[in-house]
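Next come the structures, one after another.
Below are two complexes that have subunit A in common, paired first with subunit B and then with subunit C.
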Partner chain A sequence: MAQETKVRESTGTDANGHTAVGQRVTRLDGAAKVTGKTVYADDMKMPGMLHTSVLYAPHAHARIKSLDTAKARAVPGVHAVITAADLPDYNRKDSNRTGLIFPDKEVLFFGQPVAAVLSEDPHVAAEAVELIEAEFEPLPAVLDAVAAMEKDSPLVRDPLHDVDRSEERGHVSVETKETEQEGEPSNIASSAPFERGDVAAGFAEADIVIERTWRSAMVHQSYIEPHATIADYDISGELSVWTSTQAPFYIRDELAQAFGIPENRIRITATEVGGGFGGKIYLTELMVAALAIAVKRPVKYIMSRKDDMLAATPAPFAHIELKTGMKRDGTLTALQARLIYDSGAFPGAPMLPGCMLIGGYYRCDNIDIKGYEVLTNKVSVGALRAPGAHNATFAIESHMDIMAKELGLDPLEMRLKNAVAEGDLMPNGQTYPAIGLRECLEAIADSDVWRRRREVEATPNRGIGLAVGGWLGGLQPASAIVCLNPDGTLNVTVGSADITGTNTSFQQITAEVLNVPLDMVNVETGDTKTAPYAGMSAGSKTVYTVGRAVKAAAEDLKQQMFELAMKRLEVEPEDMEVANCQVQVKGAPDRAMTFKRFGKLSTNFGAPFPVIVGRGSIAARKTAPGFTAQAADVEVDPDTGDVTLHGYAIAQDAGFAINPLSVEGQMQGGASQGIGIALWEEMRYDEDGRLLNPNLLDYRLPTSRDLPPIETIIVEVPSEEGPFGARIVGEPSIVAGPAAIGNAIDSAVGARQHEVPITPERLLRSMGKL
Partner chain B sequence: MRTFEYKAPETIDEAVSLLKEAGGSARPLAGGTDLVVQMKERATRFPYPATIVSLDRVSELRGVDFSETDGLRIGAGATMTDVATHPAVRERYAALAEGAGVVGSLQTMNMATIGGNVCNAAPSADTVPPLLVYDAKAVIVGPNGRRTLPIAEFFRGPGETALESDELLAELRLPVPATGTGAAYQRNTPRKQMDIAVVGVAVALTLSGDAIEHARVALGAVAPTPLRAMSAEAALQGQPASEETFAKAAEAAAQDSTPITDIRASADYRRHLVKVMTARLLAEAANRAKGTA
Partner chain C sequence: MPRQLISLTINGREREVAVEPHWTLLETVREALDLTGSKEGCGTGDCGACTMSVDGRIVTSCLMLAPQVNGRQVTTIEGLQSNGSLDPVQQAFIDTGGLQCGYCIPGMIVAARNLIDDNPSPTLDQIREGLAGNLCRCTGYTKIYEAVELAAERIRGGA
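Right after this comes the complex of A and B.
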């Protein structure tokens, strides 16, 4: 996508002498977005392009008896109707959501794609799809993940085999003893134990033991732009896909395997992503590519909001049983948990990160955590910003509050006493690198919201709640290229989709290394045929990994210029520096060669220098977990159950905020989503497994008037490997909301909330008023 | 969306004859904020229309006028914004301004019409409880001329009205509220905007000193149609405007309601809200009545 580079000046130099990083910079893509110029996948048209309308399964679980497409095919303007029988050959993997385009025997969830109609007119396609005569024989639908674990439960589906977990690994790196479903067929897709010490002894030692069950609803990422994909397969065997994705290279690799096409003959272009939040990794591309291969014409598939809510990859319902023990002095003595994540009809639920976080915030010698990923006949789940984290955090952070209250301890002091720091153990036995959980707690203590606690809590029906959150982050190798142009400007090319302003951070990093104004640097995301490799923009790792590659590429380019300048400047590279868009001799800035001169000398006819191209390529081995502490100020209407938020504060460790404006935006955005999950968001199914609210009226996201001002405090505990000490930023902010609000409500009206969303009705019932 | 014929008449008579010609296969289009969404989602309560008769160019349907003798006339084509911002509506019919002022977003309010809100006949329509407490009358035009119906008789069920397929709602007429009248509308929604009433309550009280001379209580989203809470009104009539009276009336209003459990709320919760909101609104209306007396 072409982007305009706006001239922008740095606002100054910070305490560390930085001129570009650490500055508050507006986004490279900002002007195009706010003026409506940005081109999204749905804006793109190809000659001869066909539109797709999909037939979605009308049952949660049913045998396909027959599919008669004659009437649909007969509609004037219909180009083709494609069912499982009409698909081109592909490497089908029935146990994977993205390994199976259309089922031929059995549908496993309400909304599963069964067939597609193609037409040049999208309205014709929509009309014809209703004429497909599909006969189903309903089978027992398994909808409750907890009941589905019972031995006598009906099975959701055939036993799993060859489960591909590569997508999950993109979001978080967890080393563990996870076991896939084996032995007797069951609905448990996988399970994992995390054990340390002796929990029985730990509980015996405790002065109080709290045991509760916590439930959090299935929620949807609710990006503004639903899934949107165009594919084209030409007669020479080249496959091109333009798609709204966070993961172009991942899709390339998957499609190469699916169709047996070499990776160098597939071009995936990540179009501008109108919101992804983990939900735009790989979903519709296989089907659209197969349709394009089948009809040899470009095929476009744009999900409607309803399609997307029925048939994308929302975030799971979780049922979490937690038992904790604490001594009177606030020492956590034992933690036992059973976490059940509802994965829907295919594996992929983020159970592992939930286990890692429920036992990962506080030091505890005795833990016994078991996670289960359970199949049901619902749409299968995917990632949503820190997948699995808010569910587990709601449980442990509510417990911490209950225990503080019972023991008469200050909730913040008690958390500080137990909070993990560098060298402490994670549930899987690894140790934490430098992290900023304690620093976040200290910072939130200084927020306006927390400081008015006494005053607020003296007001009837008002309360303040606190919770921490965190995310471990993903790791993947990354690369970048920086090219010097003849006029001395620089082009950076990366392969990572820019979903959060990462290209703007890369611009800052390049400008910092080469000591040039920001407008000298342009950054583009290339497609998979032109860009150097980058992992998926997921797991909060893009600036942390690709940013390092960009920094290395800029340093490489600088070094090349230094070496080329040796003859003319008559000094060694160690005695050179970059400043004022030139390479100059330290202490003698008039002995210099401008970037422009390097540009000309490396590109003109007969020029003496080779083309100057900086290359950065890194392996990422060390995680840089990001933590947050958040405080909510709420008021409860004790007669209606309505909750009003008067304020919200978030402190988050960014390691080093390369663009504080962008970091604050991430903090506010994630906090808003956490608040949404706490109070409104819930996908609701009826007893037959049909989604009741596939729209944004009855699936409620908070609006501007529902959200309070969100106070942001950036904490900076540098990471070891990240560029300039930056660590993961995108995800932690969503994690603490449900617990912080649940704790605030308890503080306001003395009613503990065990289920999110906390609807007015649930709240009133918990208060015994209904 | 499927194909349909589109007609754009300029007068009410033309519109009515187009409807008559179509013999039931046409739908009038006002702001489109309900109809177009229903057509896109194939969720119409009626057969998918073969013809759309746009009322956009029918200027006779526009306008909001008030006079001390005739009261308020609102053209069915007046938008929510026209109604909610009209000075006379705000001053004399505050409950209606409140109802029209909460429909959807600002963009919705600029498109949606009061006639559309009434004719869509959703049990939760925000303008209807206010129209009920102001004793509005619906002026209906059909092939055989005009007829007038009390608004309470206009609704027959969810999405169903007294209109024949070749009739149009032309205007709403509201008498001048008596001196000493205070009224208010409120709805409960999970969100603070962009939402649909879980319960809507409108009340109007006319006070003489401290005594209630005249009372109206109307409820939305708690029955197949918006309805007047008759036993609540009876509990108020002639009584002192006191907290006790309001509590009794609120209890009666909850008894008058027949809510269902659906995705938005349970019947229990709705009934509970009717009671809480009616008591609160009666106190508010009494305050307003005293302010105007």
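Right after this comes the complex of A and C.
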């Protein structure tokens, strides 16, 4: 099979003497997952639990005239019907999607939750919800983000106030001068400029100037497990929530604020997450907690696939106007862009990272980038793996190809000539730390897919395309605890939800620091009452930040053992080392104390040592951006417009791959999502703003029939702060797909694609066949 | 609603269950038989997370009604282990890293086991075709293909 890792053979001890990190390690939770034992939220039952069915707004924009729940309440088995009027008090924030449970006056998008029915029987709840008599008065629906910016556009909603942007900050750290909605009422929720040099002079200097518009559809994260939440509130004032989330502590803090409950009386348990990709941060928890508070019984809400497609937080449509200038020798002289992200009915569109990336891959003295986050009467958007990045990258990476072609330059060489490296400027004026964009380009040049380019391109309707991608990454403090047990084994406790195998990486980090076999270390994600704080598992930062805390905790534990051993071993800590599950004197391994002995001496009745608990707590200050280069090998059927993918290669800088097996999994998974965005995925709305394809048949995800094995090349340019040099990994892989596929199609049939997904219809149109 | 008694063999054991006639097989197995390994990803036959084997053939159990399996043999993910050890297909998914969030995995493994039972030496194309009804959003399938190849090889070798 084409799959391979070229960088490092990872068995035994590597060149740096590592024995645990850098190895291909299978997941701690693998057996539970392959046997069906893993418990997801939908698998849980609580005594007295009620099921929820939600009434979703049938209009994109309408005034609520009346909600008559009498008939629904009368259905035998219905426990309660709850509308805005029946909710317990909460700190309502109308300008945030997650600050508003049910609206009382106006619905702002098709699918907005309006009321809920609770019953012990989910079928009864579903039947009764149909009997709620809701009367609406439709209002003008604003659906096109570009038209919504016009001065005379109807307004999507009342003006925004006090927008909470904390969730977005979890995914990426961007320092900039962003302007929130101000002055005349408008549908522009926020905007931001990024400027450097003089673009007019830059274009004057150029030998070619290309100006195009690029569009990318609204897409859904389409985790296979829809949103699932259970909440319970007991009379003493303790709130417990079990939910499929990437962000337990974030939810705790939000619910504490919403209900005025102290944070130490809220327990959020992040149940096993059946896929999140940025879409499972905080959504249904406020409503389910409010319902549980209202009825004083456990309440479970499992979104159906349709609910989830209608009313979760998909990724935005973007309209991007880009103008670039280049000299004959391939020097980029000017870049001007206007990026419009459709935020839906609430703010939250990832416009800032789009701006940072469109001008962030290549050195350019003159840039003028403006980003706009625009409201429409559509479902509000959220994060999807590197939020906002693929939209912007589709534009700039298609431009690079067009310019290379017009100037007769090699697309890879031309990118290498301009690619940013350490010390180069980002659009906001910050400089890049050590990064591996050029190294990724060099690595992809060596992939099987790129190397067969000449041969493939000699075949009619076949072509190879290249694109780069990247992600800056989020930053948040993190902490971890390592405890030594009486038998010498170790338990690590963290607060970060493990979705991608991060706990397995923490096992490796701990085993490496303490020089013990992997099976001496077990790792658990605690809930918000038992675990030390961790940021959300988003922004690709879990291993980068929590991993550092785990490393610090293991080092702290080691130091404690060294200090406790001083008397007995009669040497200073500097002269001790850990090996073979013991603390030993360097050069004299028989003068030693085993971990087991430490364990006993720190726990037995009357034992002399204090309990040995390592504590790691870190602030994360420096980002470690991750870059990728990808190549696609496609064949176009010129009669049907169908595209067949014959091969796909991804090179990505992981800094240091703590677990190459899971790093490859992240690269392949993200690449497949980028391919899906390129070719198939699109949420389609009718002229009234109703979603036309709320199911997995009409919203088409990549299948095994579509995807060949993905060739995977790990590049390692160490980061400054990450554990063992690791950098962010999860997100960059999704970013390059749309541009790589678009470029490959142009190479195959000479037809430039300006809009994704590249459906057969769009493709045939671009070939002049429709 | 009046319940109806059906009998089926689930993972080798005969069971009688009282079901409402509109219950799906998936619901019956998860709620009435308390086997929660099989997952619901869509409820409309499009994702494969609920895949089970009925009389040796793969079905999307969210589309089948409970009375339809009266008198038939049903195998779910819980029926794959034998004598306390993992099925070679389960082991291969662990070894190749063919799982991430795990939500698709029970259905995927049941489908993969069935594929190998029907064709002990599947080619890559046959694997890709055979699993096309099982969506995985996390892995991009590459390591799943490797898992099925490895499992088939081990089963042929008598594992």
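Keep in mind that, in the parts below, the second predicted complex is superposed on the first by the 759 of 770 C-alpha atoms of A that agree within 3 Å, B and C clash if a C-alpha of one lies under 4 Å from a C-alpha of the other, contacts with A are read in each partner's own complex, and residues count from 1 in each chain.
As a convention for this text, contacts are C-beta pairs under 8 Å (C-beta built on N, C-alpha and C of every residue); 3 or more make two chains touch, one makes a residue touch a chain.
None of these values were measured; they are calculated from a predicted model.
A.B. asks: For A:195, decide between first (touching subunit B), second (touching subunit C), both and neither.
C.D. replies: Neither partner.
A.B. asks: Tell me which partner A:697 touches in the superposition: subunit B (first), subunit C (second), both or neither.
C.D. replies: Both partners, subunit B and subunit C.
A.B. asks: Let me test your reading of the model: by the given contact rule, A:225 touches which partner, first (subunit B), second (subunit C), both or neither?
C.D. replies: Only subunit C; A:225 stays clear of subunit B.
A.B. asks: Under the stated touch criterion, which partner chain does A:457 make contact with: subunit B (first), subunit C (second), both, or neither?
C.D. replies: neither
A.B. asks: Looking at A:263, would you say it contacts subunit B, subunit C, both, or neither? Reply first, second, both or neither.
C.D. replies: Touch partners of A:263: none, neither subunit B nor subunit C.
A.B. asks: Could you look at A:424 and tell me whether it touches subunit B, subunit C, both or neither (first, second, both, neither)?
C.D. replies: A:424: touches no partner chain.
A.B. asks: Going by the contact rule set out at the top, does A:705 touch subunit B (first), subunit C (second), both, or neither?
C.D. replies: Both partners.
A.B. asks: Does subunit A have more residues touched by subunit B or by subunit C?
C.D. replies: Partner with more touched residues of subunit A: C.
A.B. asks: Just to be sure I read the superposition right, which of the two partners does A:501 touch: subunit B = first, subunit C = second, or both, or neither?
C.D. replies: second
A.B. asks: Just checking: does A:684 make contact with subunit B only, subunit C only, both, or neither of them? Give me first, second, both or neither.
C.D. replies: First partner only, subunit B.
A.B. asks: In the superposed view, which residues of subunit A touch subunit B and also subunit C?
C.D. replies: Residues common to the subunit A contacts of subunit C and of subunit B are 123, 697, 702-703, 705, listed in rising order.
A.B. asks: Spell out the residues on subunit C that touch subunit A in their complex, using ranges where they run on.
C.D. replies: Residues of subunit C touching subunit A: 22, 30, 35-44, 46-47, 49, 76-78, 80-81, 86, 90-91, 93-95, 97, 99-106, 109, 124, 127-129, 131-146, 149.
A.B. asks: Using the touch definition from the top, list the residues of subunit B that touch subunit A in their complex.
C.D. replies: On the subunit B side, the touching residues are 1-3, 41-42, 188, 190-196, 263-266, 268-269, 272-273, 276-277.
A.B. asks: With touch defined as at the start, can you tell me which subunit A residues reach subunit C in the complex?
C.D. replies: Per the touch definition, subunit A meets subunit C at residues 1, 3, 24, 26-27, 29-31, 33-40, 42-43, 123, 221-226, 272-277, 304-305, 499-501, 661-662, 664-665, 668-673, 695-697, 701-705, 707-710, 712.
A.B. asks: Quick one: in the complex, what on subunit A touches subunit B?
C.D. replies: 123, 126-127, 130, 306, 639-640, 642, 680, 684, 692-693, 697-698, 700, 702-703, 705-706, 759-761, 764, 769-770
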